[in-house]
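Input: a single structure, listed below in structure tokens.
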Amino acid sequence: MTAVAAFVAWIGGAVILVADGRRGLALGLGLVTAAIAGLAFAAGQHAAAIAVLAGGAAAAALRLRSGPPGWGLTQPGSTPRIILAIVIGILALYFATSLSTGDGSPLRFAWLVVIALSAARLLDCEEPATALTAAATLALGIGAVASLPPAAAGLAAAIVAGLVAAGISALPEVRPHGA
Amino acid sequence: MEPELAVALPAAGAAFAVALRPRPRLALILGAVLGAGGVAAVLLATPGAASNLLGITLSLSAAGRSMLIVAAISLAFVVILAPVNAERSALLRWGLAGLAGMAGIAAAPTLEVSVLVLLALVVLQATVEGGRPHARRLRAPAFAVALIGLGLVFARMAGPPVLERLAAVGLVAGLTAALGALPYMHEFDADERTATSPIPWIAFVGPVLAIVVITRTHELVPSAAGAVGAMLIGLGLLNIVWGCVAAWRTELPGAAWRYSFIADWGLAMCGFGLGVAEGEAGALLILYAILLTRLPLYLWSRQPMRERAQTDRPVNLLVAAALAGSAPFAGFPARILLLRAATSVFWPFALVLAAALLLWIPSSLRLGRTMGMPKGRQMAGIAVALAFSLALGLYPQPLLLLAGR
Amino acid sequence: MTPPALLIPIVLPILGAAIAATAGRAGHGIARASASLGVWGAAVAVVAIWLPVRSTQEISLGQLGFGSPFDLRLDMIGLVFSLAVLIPAATLLALQPRTWQENTVAGLGVAAAMAAIEAGGVLMTAVAGCTAATLVVIQLDVEDLRAPRPSWALLLAAWLALAWAGVVLQVVGGTAVYAAVPVSAMTVPVFALLAFASIFGGGLVPWRGWTSAIWSRTSLRAAGLAVATLQPLALYLFVRAYELGDGHYPQSWLNVVLAAWGVLVAFGAAARAQAATTRREYMAEVLPGLAGFALMALAVGSALGLIAALILTASTAIIVIGIALLPDRGGAPSLLVTAAAAGVPPGLVFGGRILGLGAAIEAGGAMGLVGLAGVATWLVAAAAAARSVGLPAGRGRSAVETLPRVAMMIGAAMLALGPALALAYLAASAAAADVMNVPALAQATGLGTIVTESTVVPVVSLLGPLLVVGAIALALSKRTGLTPRTGEPPPLFPLYAAQAAARIVNALRRAAVPSEYRSLFNPRALENVAAGGTPLLWLASIVALAIAVTR
Amino acid sequence: MTQALAAIATHALALVVYPGGITLALFGLAVETVWSRLSGGPQAMPRPSLAHPLIVQVAVALLAMLAAVEVAAPFNPVPPAERNLIIAAAALGFTAWAELALDPELVAHPGLLLIIQACWVLSVLGPAIEPETLRPQVLGNVLVPGLLPVKVACGFLYLLCLPALLRLWPVAPRADRRAHPRFNITRAFVWFPYCALFTTLFLPPQGEDVPGMLRFFGVTAAVAIVALVAAAALARRGADRARGLYSRAVPPYSALVLALVVVTLILTR
């Protein structure tokens, strides 16, 4: 179950990295939300799972409001991003399973891929909607790190993460006004 | 409940100021009252005492509390003696938002929550209309959040010591990126409004963030303290040299100011990296000086810079002296503390540091000239900034005691 | 007097400066009066505080926050150096017109110098000294921005070095308070830092340092005050070094090296002076030369040397006034000031040099050789002074800031004060006792004679009649030869070393990356990469950091 | 008080009468007359105005008086303990520069003179470094075998420098176009201190009696004669040779003397 959730998290993050359209971005965000909520459920943090789910779902839904239309999943020039997503996945797998010890490898993998993929997306985007989606994903990822074992912040961190993620998606798009 | 109020009241003040934009005077009054309430809450808060009013444990450390107080003083002083072309209510709006965020960062129970608050601030700032594209403005600070996040992930992993070191890399690099120091400098447009430029990160929010990140890093990865210190010192020296030389040689005066902040941060990073009390005290003094002197002076230099007015009157030279860290201004005791820390840790480093300290002079002379021929409110502001620097330089004890040093 | 009175000599000049800043806009006269009265008040206060008690007074006002307590102390050494700073500063502030900004900055600078002297520890001296240096630079820039002034970086480096010496003392010995530092903490590195601070802070260098260069400014108002403030502070540090080392420097070879450096400083000044092309250029070298001799005497390491150094420092403080008030043209004022500064008998400078050089030769060994070099240098300086009589005036100064009669009186007084050498010796030996053990022989000197290890100098009985006979004879004499001569006298010897050094410096200044290699190092491109928000650079940096800390 | 007045009176006497003022003037005028005859200059002494002397003459006389009281002349009212070598050296050194300042026509080749003066300072103070004393008569009394080489070398150097310091060399000042050297009153004042200082430094002190006094003045006169003879020899060889000697021979020799002083210092420690 947790392994599947972790895989879904990677898929979600990869979609965010690859997608350029609002639907694709919302899908990625949704997948990441589901994965993190699932992992929280699996860890017994039900309230945290709900908070993340609520915040993430709201963020995904709000994402559908703005941004470039469509899915934008296979835009020209997306191949390097696909490769990057795979590389990040492999590296995260190495760190989560080989280098680190103890239980909870899927959890660690999920943390790493969500944060790394959203960071990668932040570095390679010009669209406000894409950047905001990546930022919301990042919030969920950090919230997951805080709310799941062995961290102690628990529910509070999850609520803050959910609120931040939803709030980010709710913000209007901004265009530069010139110097 | 002081920590909660310290976050909520400035946040409410900022919200009111946004909501009352069409009526700037009312916005200013309400914002000021609520902001003052927030500062009162910070003042009344007992360092280290936890409050759990909202189901989340909040507490302010002595250092964080002192930095919040100094930031609030800086904000009040900048708003009261606002540069002629700046709108006071706008300054207060963004200042209060920043102050609320800083209080949140400082009071948060874990670094993860602090980072989430930082992310919220980052996105909020990027949402304001600015000269640069939104995604670009978001890029560097959000990347910083991601780096800190990765650092936190590595810190939570059990395994070989290399993981703790990787965590240290994430946390230190993340902090550097959040500040916009080298090698993670944010894109900078000298003509951009201060509120939407990278300056608030390096000059306003940065000090509190640095205290929180560094304190938490020592708790999270205690065995990587050496690596953290080494990285901070390495990056610090890099920023000192680059910041000073670039501030001296770069073409645009606005960029020169930005580099000067970077150079100061380099010094502060060295102080934190040394890992001894004197070094930290020196770093804190540098940060206080950034908030109380360099940032206000930067704000008052913007108008003369636009008018390309450069002079060498006594006041320009005094400003140069204050910026250069010459006695009797704040930089000098900070440098004494850093030299002491470096001497007690590894004296050759003190030699390097002492040599590096001289790099401030040429750039400071240049920056002093950018103040133009100050008059009226600008002159008063500069005088107050210099007075703050002088007070810090001659008698830093009260603020250092406030910070628990 | 209660110990808080120790604050008065610092506060009064600040008060004067504050009045100059506030009321000075109404008229420069008010600023001038308030600034000079503030400094005169400080001078009076210092004496009034010390006289009733005639022993060291201390006050501790708690911690300042950077590891230094706010301790003030006034001992006899402090008194001597305070007056060496305050009297010339007060006189120049009173006699020369200045803008209110200049008066304000000058007053503050003097207050800072006083704080440096009254400071109870090395760190506070560093802070106050750096403040004084900063204010001197500002004062010089306010007067004339484009005119030569000391390098701010160099002055800051000097005072930072002293601060570093202070923190080393704290780390090694637990304290940097002069009276409490354990002797073992005063090591060679600490002394080296202190010497660096002193040498570069006071411009005590054999080459043409700032103390000479600032004399090429059009106006010499700020220059006089700069030297009057900073040069005594530099020598003061070397005096306090004796206190830190319980009357000694950490190694005896340091005394020899420092004394040799002092002679080199004096020789450098004398060599440049003898090649001067104008009288102004000559005058520029007088004060560095005096400081060099004072440094040499100070470094001898004996009580006599220290006493001689204190006498020379005090003499220099008076001569500064004369030089700063002297017009560039020749005549009796110029001749008298030049003669007094050159150490013509029976002047006070003559007496000081006799004692200092005598101390060096009596010390024997390498120090004796240094003393020998010192005597030779003195004669070079005398030759330069003689040649300067025939030099053309130079660029000329505004008549408003010169007072030839006052300068002439100062010169004459300095020549006539020779018989008072024994009095100066008594005062200086009391001061020297604050930092080193003064042998009973030196203390037992009467009012008329000075007893050294090998001789007795009959100051009053020898120099007194000489003065009287000389005064009568000079009064009767025919004054010829004092008029400026046509044609510039050639230098006594060419300055090959200075010419070579100038060539090297020029070559270095002109050095540039050859055009064909400029594309390899493009600062603007580098800046664009670093500051352009380049993700690739960020990622590379992370990888580099990760590799660095995980290796 | 009485003691102080007595001390002032004796020092004044020393300065004005013996061995200062009058003594040095008489000695100097005598030697200068001899030199004037030897060099073919004016036979009669010019008559300086005693009521209004030239300022340069006053200055040089005062300095010479100060130097003269430091010598170990028998019956010198200044007690032996109160004599100081540096005062003598400085005062004598200043005489040349007083002339340059007040009457530059008197000084030929001041640069070369400065070099010679530096060499002379070495010859005066070199023997004082190892004994660590500034009393001139103590140095004269030093007969320690280890220090004798330095003393002899310095003595020779002193004599070598003397003709140049007294401006007896055939090098005329640029402004002075006279065929024969003039009767130099200013120089007359410095004959005695220069020669007596040599006697004091390099020969054992004489007794405080008339024979001792005769011996002292005899030796001092002999030194003056040596200087006159050397000067006459130099005059015969011409200005160029004289300049060559003082610029190419004396400084290297001084360097050797300095090396000898240093070596002696090292060997005796």
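Labels A, B, C and D are assigned to the chains in the order they are written; within every chain, residues are numbered from 1.
In this text, a residue touches a chain if its C-beta (ideal position, glycine included) is under 8 Å from a C-beta of that chain, and two chains touch if they have at least 3 such contacts.
In this text the structure is predicted, and so the values were computed from the model without any measurement.
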Middle chain, criterion being Cα centroid separation: C
Distance-maximising chain from chain D - centres being C-alpha averages: A
Length of the line joining the C-alpha centres of chain B and chain C, rounded to whole Å: 41
Interchain centroid distance [CA atoms averaged], chain A/chain B, Å: 30
Rounded Å distance between chain C and chain D, as computed from the means of their C-alpha atoms: 36
Distance from chain D to chain B - Cα centre to Cα centre, in angstrom: 75
In chain D, residues with contacts to at least two other chains: none
Sites on chain B at which at least two other chains make contact: 136, 139, 143, 147, 162
In chain C, residues with contacts to at least two other chains: 535, 538
Touching residues on chain D, where the partner in the complex is chain C: 4, 7-8, 10-12, 15-16, 49, 51-59, 61-63, 65-66, 69, 78-79, 81-84, 86-87, 89-91, 93-94, 96-104, 110-111, 113-115, 117-118, 121-122, 125-126, 128-130, 132-135, 138, 261-262, 265, 269
Interface residues, chain B side, partner chain A - complex: 55-57, 109-110, 112-113, 115-117, 119-120, 122-124, 126-136, 138-139, 142-143, 145-147, 149-150, 152-154, 156-160, 162-163, 189, 191-192
Chain C partner contacts - residues on chain B that touch it in the complex: 136, 139-140, 143, 147, 162, 165-166, 168-169, 172-173, 177, 182-188, 224, 227, 230-231, 234, 242, 246, 249-251, 255, 278, 281, 285, 312-314, 317-318, 321, 324, 326-328, 332-337, 339-340, 343-344, 347, 350, 354, 357-358, 361-362, 365, 393-401
Contacting residues of chain C [partner chain D, same complex]: 274, 335, 343-346, 350, 353-354, 357-358, 361-366, 368-369, 371-372, 375-376, 378-380, 382-383, 385-387, 389-390, 447-449, 452-458, 460-462, 464-466, 468-470, 473-474, 476-482, 485, 489-493
Interface residues, chain A side, partner chain B - complex: 95-96, 99-102, 108, 111-112, 115-116, 118-119, 122-123, 125-128, 130-132, 134-135, 138-139, 141-143, 145-146, 150-153, 155-157, 159-161, 164, 167-168, 171-179
